[in-house]
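First chain A sits with chain B, and in the next complex the same chain sits with chain C.
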Partner chain A sequence: MILTLGIDIGSAQSKGMLLGEEGPLNSFECASGVDFKRTALRIQEELLSRSGKSLDEIKRTVATGYGSKSVVFADDMRPDIVCLAKGISSLLPTVRTLIDVGDLYTKILRTDGNGQVHNFLLSGKCAGGSGRILQVIAKVLQIKVEDIGELSLKSKKRVEFSTGCAVFAESEAISRLSQEVTKEDLLAGLHRALAAQFNSLAERVGIEMDVAMTGGGAKDIGLVQSFSEIRKHPILVPPNPQMTAALGAAIIARESLTG
Partner chain B sequence: MAEEQKEAKPKKRMTATKAAASIGPMVKEFITGTLQARAEGKQKLAYTFIVCHHEEIFRAMDVVPIWTENFAGICGAKRDAERFLQRAESLGLSRSLCTYALCGIGFDQWREELGQMPPDAPWGGMVKPDFMISSGQILCDPRSKWYQASQQFMPDVPIYNIDLPYPLFQRDQDHREVLGYYHRYIVKQLRGLVAFLEEQTKKKMDYDRLRELVDLSDRTWNLIEETYDLRKAIPCPMGTGDAMNTMVPINFMMATQKAYDFFVELKKELEEKIARGEGEVENEKYRLMWGGGLPSWFALTDFNYFNSKGASFPVETTYRMVAPLKEMDLPETKDPIEHLAWRWLGYWTFWYDKARKRPGSEPDVERLINRIEEYKIDGVVMHEAFSCRTWHVGLIWQLHQLAKIYKPIPVYVVGKDGKKEKVYRELPSLILESDIIDITSYSEVDTRNKIDAFIETLESIRMNRAA
Partner chain C sequence: MELTQGKALSTVERLYQDYGFRARELKGQGEKIIGYVCSFVPLELIKASGAIPFRIRGNIFEPITKGDTLLETIVCPYYRSCFDLSVKDKYEFLSGVVIPHGCDSMVRSFSTWSYGLPYSYFHFVNIPTVCEESSFEFFEEELNTFRKSLEKFFGKTITDEELSRVIRIYNENREKVRALYELRKADPPLISGTELTMTLTAGSSLPIEEANDLFDQVVAEVKARGSSPLKKGPRILIDGACLDHIELIKLVEDLGGHVVADAICNGARDHFPKTDVTLPPIKALSQRYLDKVNCPKTYRANKAGTFEGDIANRFGDIGAYAKEFKAEGAILYVYKYCDPFGFEVPARKAYYQSLNLPMLHLEDIYSAGTMGQLRTRIQAFLEMIG
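Here is the complex of A and B:
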């Protein structure tokens, strides 16, 4: 069997997707840590072991993401924008605008259903407007980041969060908590502030329907809902949204084999 | 006082033309020229700003201009601005202000405190002026405030401020209706400058000399237009990276024979390169426009990075501070001051008529569209320098408006019904984010990741462009 591998080394989480001839065989995700080379090798080993496959069956590997240069065994490196477009076109072919909420950046891109990018924009290099802020708040509230979404949906009176800056958000959250604001209302406010930033970025690139969200941030149902409320239309989320770029990388690897 | 350390020496940018490579020594020469002029004490020296159409007046009065923005840019390019920025910060000035101004103010304070140049001052440093000529020219408030701040450390140095407005674009109103009023006002401002310089230098203006210099500038303007037009050739013989060098004679040496001669040589060099089919890059795949924003002077090698991907920059809007005089229809006058004022207004209103003809357009957007068509551009790159709000605040809007009214790329897309359909798309664009000289705002990894993604987007469009 001809296998291809896509590896997405993000600043916080790294993801791998093993693609067989009929579609995805297995995926794996772990913290990126500080040694990206070792992380990439671990992903490769885990995927082979979970799928019961051998290394020589992987005919091509494409790396993407912030640490892609550390995937020394990769045959090619591609920008994550390109991999995201390829991945989302495979998962949700009607999507024309994608918002990928990662730890380091939020990326907005317009695509065509064939995996081609028409235009894109990245959030600035500070953590404001990226998924990092969710981790910062989880730490302040002493909750798990994966619980943020459900908690925020229980909000009864969303607070007006005045900043999208990750540093100021921390101090603002602490200050609000001292005013006896609930965690739920605080999180709903944070989601609203983040979603407003996404919207501003997306407006700059120009929005075409359908719109989807991917990346680790898309696992936060409260964030997706908040963005949907601002946009006043549904936001599609593929299964395992954080795997989209790794999937795209694996598809690109396959396409380069098949021409 | 903040720790004063120099940053790592920058890598040198590769130039495509010999002319661009000759600029570094030329800039060094006019910095050392100011030091020499100060030592000899025969000429007056003045701090001043570029794009004020007053160089002819300076040179006719034999006043040596000290281009303060240029010196800040040199500090940035040599990655030696941080210690001056930190010094300005320690004086209570915010880093979010114009970093050219901060660098200059920090340098002035340091020099005046020491009574000599700061240690290892770039290319010998910026000398204390005899007077300072500022001009806000509508768009840039630091140009009015910078010298006021510096004057705290040089209270004996007078400032003369010239106000150089121009009518703002209004779709439903012909700017010519108010042009006469603006002209009279600018003429008064320039005559005020002449009077100030006469008072400072104790000399009278030689108007015959001024007329000659204005004529020399006009000829240089036309020559620059002809020279830069050559960059329309495919492959493009000279890119924006080089133009960030050749902006020096345009902006700092106007009204000198040397500037004219420089463009004679550059034109010849470009013609020869075109005849040989020699481009800025070996295999030109993408033609990009630098659509706005001052460059990061410490990261000019990013242009080489673009080049390494097959991307050339045949045109830029930044620092091309000339326009074709023959298309301006300037009123005839024998008075060189009046001519300078007409030329000023002609330059700033150059795109107004064209913009009125295209629904939704504005002069800056119209200029982008014209350049895209004339230079066969595939994508637009802009740089948002955080500390320069005046020049950069409108860039995103320009791109947005451009995308809205100008969709030149035919592509086939798969419709919701699964059928292929032909649609027209806007040009892809890339916004780089950093600063003019503050290197702490720059991330090479981040910038190059963005460039990589942009190149992939261009390639994707190239492959999928509908016939």
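Here is the complex of A and C:
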């Protein structure tokens, strides 16, 4: 069987997607750690052993993401913007605007449904407006980042969060908690502040329907809902949204094999 | 394939890397060097006074330290870097500094320069920010004031004949820059954007006659390549303020693009407009600097009556360059806190849309540390248009 591999080394999480002739065979995700080279090798090994395939069946590997340069065995490196457009067009072909909430950046792109990028914008150079803040806040609240979404939906009175900066957000959260604001209301406020930042990026790029959200941030149902409330339209989320760029990379690898 | 570097381009590289070494030599031989910033100092007057104009440059590799104790960070990082290097004695060979009203930072920090630096000559060129009949009258008087100030400092009369002679030398320089730009027109270009910006930057540290010779040599050396050894790639126009370092351009070229045109200060904005030699010299200089140098710091009334017509009038030169050099995409590179360009981003964006030219807007601080973040964006942009 002809297999292709897409590897997305993010600043926090690394993702791999093994693609067979009929579609995805297996995916794998782990923390990026500090040794990206080793992480990339681990993803390759895990995917092969989980699928019962051998290395020589992988005919092409495409790397993407912040640490793509460290995937030394990759045949090609492609920008994550390009991989995301490719991935979402395969998962949800009606999507024309994609918001990818990653650890390092939030990226907004416009695509045509065939994986072609028409325009894009990245959040600022600091962590303001990226998904990193969710991890920071989870630590402050001593909860799991996966639980943030459900918890925030229970909010009765959302707090007004004044900052989008991850560093200031941490101290603001601590001072709010000392004023006996509940975790739920705090998280709902944080989601609202983040969603407002996404919206300003989205307005600058221009929204065309349908709109989807991907990246680790899209696993946070509270964040997706908050963005949908501001936009006043539904936001689509594919299954395993954090895998979108890795899938796109694997598709790009396949396309370059078939020409 | 790599571009081969002959003698002329090696000289360029040395002048670029050790910026100011030739001026330091000349100072040692008794010459007077006058520093300046921005596109709006009439260099012809400095040259006619017998001194050598020297463009003050920043350094994106050097963290701003001492400068920030004297200037607040509201000033744009490029200008702060220029000031920082000056207060750290990088340009100790200067006898004076001339600063024009090129932006808010320049006008409001002029006194800080004059207090903070040990030079014996300071002059502020009050160039109008509008471009009407009265502005030209005012600016001619202002140029005469500058002329008198130089005459007083150097103890030498600047005659109209000398000024006319110098204007012709500067016009020759602009023709030579045009000849360098002609080498960008081939696809792939015969000269890389990195080489071109390095050459112009090196030139701004030299007496004009030496710059003219150097540009001639570079043109000859690059022409001798015959055909370009480079691989074809997206042809990019860079738009923005002063880009006196090569790192951004090099990044575009490392990622497979070619910088083939620009609308930047130390590029087309500064070097393309010529001075009309049929007019009296002061009148001619006032027209060149006030009207022909197309910078967002100058407010131009909307004569078209519509937004579309207005942006076509204001940015028409960019569209013309894009067409002439067959640009396939543009990068609008704006420094944080740059007031003239900052205000113009939406209008420029609309203009690129009207041209149907894909545009990437990058906001940056003047630091080599941000190149990794820019890389992500530029890479995606080149893929998008490629």
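Here, the second predicted complex is superposed on the first by the 259 of 259 C-alpha atoms of A that agree within 3 Å, B and C clash if a C-alpha of one lies under 4 Å from a C-alpha of the other, contacts with A are read in each partner's own complex, and residues count from 1 in each chain.
Heads up, the rule we're going with is that contacts are C-beta pairs under 8 Å (C-beta built on N, C-alpha and C of every residue); 3 or more make two chains touch, one makes a residue touch a chain.
Everything quoted here is computed from the prediction, not taken from an experiment.
The superposition on chain A brings chain B into a clash with chain C.
In the superposition on chain A, contact of A:38 is made with neither chain B nor chain C.
By the touch criterion stated above, A:233 is placed in contact with neither chain B nor chain C. In the superposition on chain A, A:79 contacts both chain B and chain C. When the two structures are aligned on the shared chain, A:113 is found in touch with chain B, with no touch to chain C.
By the touch criterion defined above, A:154 lies against neither chain B nor chain C after alignment on the C-alpha atoms of chain A.
By the touch criterion defined above, A:206 lies against chain B but remains apart from chain C after alignment on the C-alpha atoms of chain A.
Applying the stated contact rule after C-alpha superposition, one finds that A:122 touches each of chain B and chain C. Set side by side, chain B and chain C differ in how many residues of chain A they touch, and the one touching more is B. Shared contact residues of chain A with chain B and chain C: 66, 78-82, 117-120, 122, 125. Within the complex formed with chain B, the residues of chain A that make contact are 66, 78-82, 93-94, 112-114, 116-122, 124-125, 203-204, 206. Of all the residues in chain C, the ones that touch chain A in their complex are 358, 370, 373, 376-377, 379-381, 383-384.
Of all residues in chain A, only 66, 78-82, 105, 117-120, 122, 125 touch chain C in the complex they form.
For chain B in complex with chain A, the residues that touch the partner chain are 396, 399-400, 403, 411, 413-414, 416, 425-426, 428-429, 431, 433, 443, 445-446, 449-450, 452-454, 456-457, 460-461, 463-464.
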